[in-house]
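Please find the structures below.
One chain, subunit A, appears in both complexes that follow, with subunit B as partner in the first and subunit C in the second.
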Partner chain A sequence: MMFKISKKNFQNYVDFLIGKYEVWGPKKIGSDYVFSKLNNGQEFEDVRTVLSPKDLIYPPNEKLFEDNFKEIIVLGVKSCDYRAFKMLDDVLGIDSNYSMRRRVVHMFNFVCTEPCKFGFCTTFYGPRLEEYEMQFTDIGDYYLIETNDLRFVNDLFEKASDDDLKIALEKSKNVYKKMQKLNMDKLSEKIGWENPLWKEFSQRCISCGACNFACPTCFCFDVYDENDRYREWDSCILAGFSKLAGNANPRPTLDLRLRQRFLHKLKFHYENFNYYLCTGCGRCIEICPVNIDIRDVIRSVNP
Partner chain B sequence: MEEKTVCPYCGVGCNVIVISDRKRILNIVPSKREDINYGTLCIKGWKGFYYVQNDKRLKKPLKKVNDNFVEISWEEAIDLVVKNLKNIMDKYGPGALAFQASAKCTNEDNYLMQKLARQVFHTNNVDHCARSCHASTIEGLISTFGSGAMTTSIRDINNADLYFVIGSNTTEQHPIIGSRIINNVRNGKKLIVADPRKIQLTNFANIHLRHIPGTDLALLNSIAYVIIDKGLYDKKFIEERTDGFEEFKQIVEFYDPDRASRITGVEPELIEKAAVMYASSKSIIFYAMGITQHTQGTENVQAIANLAMLTGNVGKSGTGVAPLRGHNNVQGSSDMGALCDFLPGYRRVYDDQGRAIFENAWNCKISSKPGVSLTEMFEYALDGKIKGMYIMGENPVLSEPENDKIKMALSKLDFLVVQDIFMTETAEYADVILPAYSFAEKLGTFTNTERRIQLIRPFMDPPGNARNDWEIFQLIAGKMGYTWEYKNSEDIMNEISSLVPQYKGVNYKCLENGGVQWPVINCQSTEIMHKEKFTIGKGKFKPAYWEKPLEFYDEEYPFILTTGRIYYQFHTGTMTRKINILEREAPEAFVEINTDDAKSLGIRNNEVIKLISRHGSLDVKARVTDIVPRGIVFMPFHYYEASVNKITNSNLDPTAKIPELKVTAVRIERCSA
Partner chain C sequence: MNPMLPLKSKILDLWDETDDIKSFLIEDVINKKPLPGQFYELSLSGLGEVPISFASWEDGLLFSIKRAGKITEYLHRMKKNDEIGIRGPYGKGFPITDKFKVLIAGGIGLPPARSVIEHSLSNSDNKIQLLYGARSPRDLVYKELLNEWKKKFDVKITVDVADDNWSGHVGVVTKIFNYIKNTDSFFYIIGPTIMMKFAVMELKKMNVPDENIFLSMERRMKCGIGICGHCNIGKYYVCKDGPVFNYSLIKDIPELFF
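Let's turn to the complex of A and B:
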């Protein structure tokens, strides 16, 4: 179903949601945008945040065996980040904490009309999605709203016309026009174990783990005990990730660990699930302190 | 909720936004500000904050009863502390007390602790870990430039054409400065690394000088020799802006590359190449403990300052001298005068004018005699000259050389109070333990390595009955009859900014938007220091001859042991060793030994070997590697299980009183042999 809401009313809509739910969205803290709880509609800005909202469904560090799942609504999610949850579902779907939160955390994606700096989402799903809870597109004085879920529909919504949809399509096409689409042709078959990039990257990678933490599709975790049992995000770049008893390690050097990260995304996951474990959000590129770039890996196979 | 704050680990001072529900951290987000961490963090930033919510946090004051600790009320704790410290002071004089401040705590905390020592307990015996890391920087740069801090800014790194990194494993200890250097070098800038170890930066170095630990001064003098010899020095700069060039020239004349090569083990051609490269570019020199932790630490720092002046590489954009400060706030705690020989703002205690300012402000007399330094406090305690000690947030049992001596010293005290966030190896020896806030519960300021005073903001509720460090000092002062009336940490900053020239006029409002770099003028940063003239006026060349370290390799002890930190751990591990992933990555001590040395001694990788020095011995796993050259072994100091500081020497730099942790002569034996 299609609606639209004027930008003026949109703030009131956010206030309405805040009256009924806990609402999160991009918020400006100092000079940065982070997902945080919104106190009123005015605080909302449709700006790409430093990190994806992965943490709201899959926290960086959580106590296990503890039920504190509350219904929240997250506004201003970028489509690349949103699309990633569909992939996480295939892996973490059987996890009770993950699947509970997946049910009660509602993410509304906002379609980009300008490309972001490092993103390459048009290589995969692009800024407009086929599946969503509520998809918002900025069409000037209005947001176009696409949804099949009537729970969040409100009196402030107006009927949208086909012309409105046309504008929305046109606006998102801008991203396709300006963003370079990478050639993924048979990449999973062509990409080899050997690639001079692994060594090159390993010279400068500082093992910060950020590429994993910032990735909306990375799902690996570690579990530890400290009175209670906790689970935290892990990083395959770290040696301890693959360390076995007696200090044996199948990936003893950094180049092999970097290879694992890229091959998992671009080969192994594809072989298992028939899609690349990447939405082209560009977050790992942006967050890497030393500019290690997954696009270079893709281009090294398919120039 | 979300709060902007600063990473509590290294001196880079990365800005972070923490999302929390005040009981637990929900997420950590790096700030994208370009002038510091450009949206990135190292692993300690990403993973290292979670200790603040650890259940082992101290929640109640404790006192020791028959070797066990029992919980007591704050009233009783403060009474006990005051009664005992006062007794010692009355009986033996103020000199029998000693205070240790902390580079992990805020400027406000440190300022009040040294005020407590000086005003309330009438002693200059207050010091902190800057003594063991950058005391020689303070002396070395004050005597040459007039100011003991990084002359340039993190952002300005991008404007240089060459980086000369000596004695700093930057990608591990200041990772987000290390990564900035790497990015610039990949963009065509040049890099010279001087380090005995093959550290990560050497992957990108145009020149790697692998000198023997403890020979830095000979190396630096030789570089100066070449620059003078080839006429590559900046005559105009030297003439207009410096004094003492002639004397400098005479001394470095002694260090032609051939001679220096025999001392340092570096080929003369490499020294020459490095000298030419450094002198012909806009260059910044970075250094850290590899330079400072020597008996000639002060001279090493001066030699670096000399090089910068010689080539005019200071006081301009893209140039400078950059001591990398290890702790989040070791710059600030030094600025605050938590030093036995300096009052806040680096006024020497024997400077009558400087002292008068504080005597008036605090309405007390301050001794003109420097107090006892951190390293010496333990000697004094062993000799029975110091009877009472107050330690805030430091763990000298692991961090100071000759651990066993430190333990003995602590046991000998009549009274020890430790104020910390966790039980530590040092707190075990305390009579009273006071539970303090961590950075996560505090409002206050840290000053990073580029002199930037930054606000930290509370994002967690304090555990149990823990208290803010400065509030505890205020309670003690009150009980001692001094009414301090600080309502909050900002009141303290207001006092600081009225007394410390570098912090003049600073208030929390002007720190709101990203902080300011001292010397602060009208709430504005000084990004690059010594622009028109040096703080001291004319820069002073301070040349010195290289002297062999008091301990060097010989027949009996043929190896040099050098110590340091590793990426995943921080200092004595009070924080990092409680973090699952950090501990997983680096769970145990090791000693790096060169492959050929290992072969000739018959040592296998992972085999436990014995390191024996003149001060003790320890067993530790060997890590056979080519990171270290032959004849040199390296060991991190984080681990109580194999504390390298059991066997390091405590020879001091006579000026800065910094111990020579980077050079200890050892021999190696196989345990099974």
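Let's turn to the complex of A and C:
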């Protein structure tokens, strides 16, 4: 189904949602936009955030074996982040904490109409989704709304025309026009274990793990006990990630750990699931303090 | 239910095997017969979990555990009737086959080999040979059982360092490969990574095909169910695709042995 809502009424719509649910969206905190709880419709801004909303479904640290999950709506989600959840479903879907939250956290996609600085989503799936709960596209004075879910439809919605959809499609095509598309041809087969980039990257990587934490598709976690049992996001870049009792370590050096990170995304996960564990969101590139760039890895194989 | 939630069980009995290896007989509250080579997550509430291959399954689950890290240290301090959590059995075990099986076990690799031996013997299959290497005579586990096994099939034992009472073989386990009866066997290798590396090299010199070699791999493991991302060897996860791998699947992976 297709609707549209004027920008003016959109704020009222957000207020309507806030009346019924806890609503989150991008909010400026300090110098960056991050997903935060919204208090009213005026606070909403359709801006790509520094971090994805991964933590709203898969928190950085959580107590295991809990079953108390609240229903929330997240506005301003981008297609790169939404796609990432589809990927995480294939791995974390058997986990009850993850799958329970996945059922009660509603992610509303806001289609990008301009490329972001580091993103390369057009290499994979682009800014529009084919599967969504609610999809909003800025078409000027209005948002076009695509949905098959009547739960979130409101009286403020107006009928949309095919022309409105045409404008929305044009707007998203703008991203394709301006963004460089990388060549992924048979990359998972062509990318080798050996690549001079691992050593090169390892000379400047500071093992901060920010790439893992900013990545919407990174799923690795550690489990530890502190009275109760917890899990916490882990980072394959850290030395302890694969260390065994007695300090034996299959990846004792940083170049081997960087190799693991890139091969997991561009080779191993593809071999298991037939897609790359990357949505081209560009967040790892943006956040890396020493300019390690996954696009360089892809280009080193397919110039 | 959360797949990582352990079931409450208790330690029915425990005893020393060596200076740093203890055996634990644990009530099998899961009550599912494990396949030889599979493992369980043993859980100490508030302390942590550790993946351990089972050694035997009859009056309970038997685990023989070497004191090697934080959790195994805690385990060694436990007493009879103490509570312990278990979940499993996990992973893929050794193939069940009519073929002759040569088991090559190093150190704490013998307990998982025992699961294969007992499975075979309980099916009146004694087409087995055991080559077992330990650091020293003091480090040998299951000493009485080894003597019983010797009556049923060929058992060869070697130690890295002998003592005054030792009259057997001395040297790493590959030193006794000349006793291998039949190179057209399945070879099941369980032990430290360096031992597995050299065992495979020797078997390749004997023209054993890759497909006949099976390795029980070890990696840092957290969840046991293929989601925490720690135990991968290339595209495989040791917890769900292993711990037992056919060598032909993993032989080209550079970080196989380390």
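As a convention for this text, the second predicted complex is superposed on the first by the 303 of 303 C-alpha atoms of A that agree within 3 Å, B and C clash if a C-alpha of one lies under 4 Å from a C-alpha of the other, contacts with A are read in each partner's own complex, and residues count from 1 in each chain.
Keep this in mind: a residue touches a chain if its C-beta (ideal position, glycine included) is under 8 Å from a C-beta of that chain, and two chains touch if they have at least 3 such contacts.
Everything numeric here is computed off the predicted structure, so don't read it as measured data.
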> For the overlay on subunit A, clash or fit between subunit B and subunit C?
Replying inline: fit
> What is the value, to the nearest 10 degrees, of the angle subtended at the Cα centroid of subunit A by the Cα centroids of subunit B and subunit C?
Replying inline: 80
>> Applying the document's definition of touch, where does A:30 land relative to subunit B and subunit C: first, second, both, or neither?
In response: first
>> So in the superposed three-chain picture, is A:289 touching just subunit B, just subunit C, both, or none of them (first/second/both/neither)?
In response: first
> Thinking of the overlay built on chain A, is A:91 touched by subunit B (first), by subunit C (second), by both, or by neither?
Replying inline: second
>> Once chain A of both complexes is superposed, is A:222 in touch with subunit B (first), subunit C (second), both, or neither?
In response: both
>> By the touch definition at the top of the document, which applies to A:61: first (subunit B), second (subunit C), both, or neither?
In response: first
>> According to the stated criteria, A:232 is in contact with first (subunit B), second (subunit C), both, or neither; which is it?
In response: first
> Is A:210 in contact with subunit B, with subunit C, with both, or with neither (first, second, both, neither)?
Replying inline: first
>> With both complexes superposed on chain A, which partner does A:51 reach: first (subunit B), second (subunit C), both or neither?
In response: first
>> Rounded to whole Å, what minimum CA distance do you find between subunit B and subunit C in the overlaid structures?
In response: 11
>> If I apply the document's touch criterion, which positions on subunit A are contacted by subunit B in one structure and by subunit C in the other?
In response: 222, 224, 226-227, 234, 243
> Which subunit A residues qualify as touching subunit C in the complex?
Replying inline: 64-65, 91-92, 94-97, 193-194, 219-229, 231, 234, 236, 241-246, 248-252, 256, 260, 263-264, 267-269, 271-272
> In their shared complex, at which residues does subunit B touch subunit A?
Replying inline: 1-2, 4, 15, 17, 19, 24-33, 38-43, 45-47, 50, 54-55, 171, 175-176, 178-180, 182-183, 186, 200, 203-204, 513-514, 567, 578, 580-581, 584-585, 606
> Given the complex with subunit B, which residues does subunit A contribute to the contact?
Replying inline: 27, 29-32, 34-37, 50-51, 55, 59-61, 63, 203-204, 206-210, 213, 222, 224, 226-227, 230, 232, 234-235, 238-240, 243, 247, 286-291
> Where on subunit C is subunit A touching in the complex?
Replying inline: 1-5, 44-49, 68-70, 72, 193, 218-220, 222-223, 225-230, 232-235, 253-255, 258
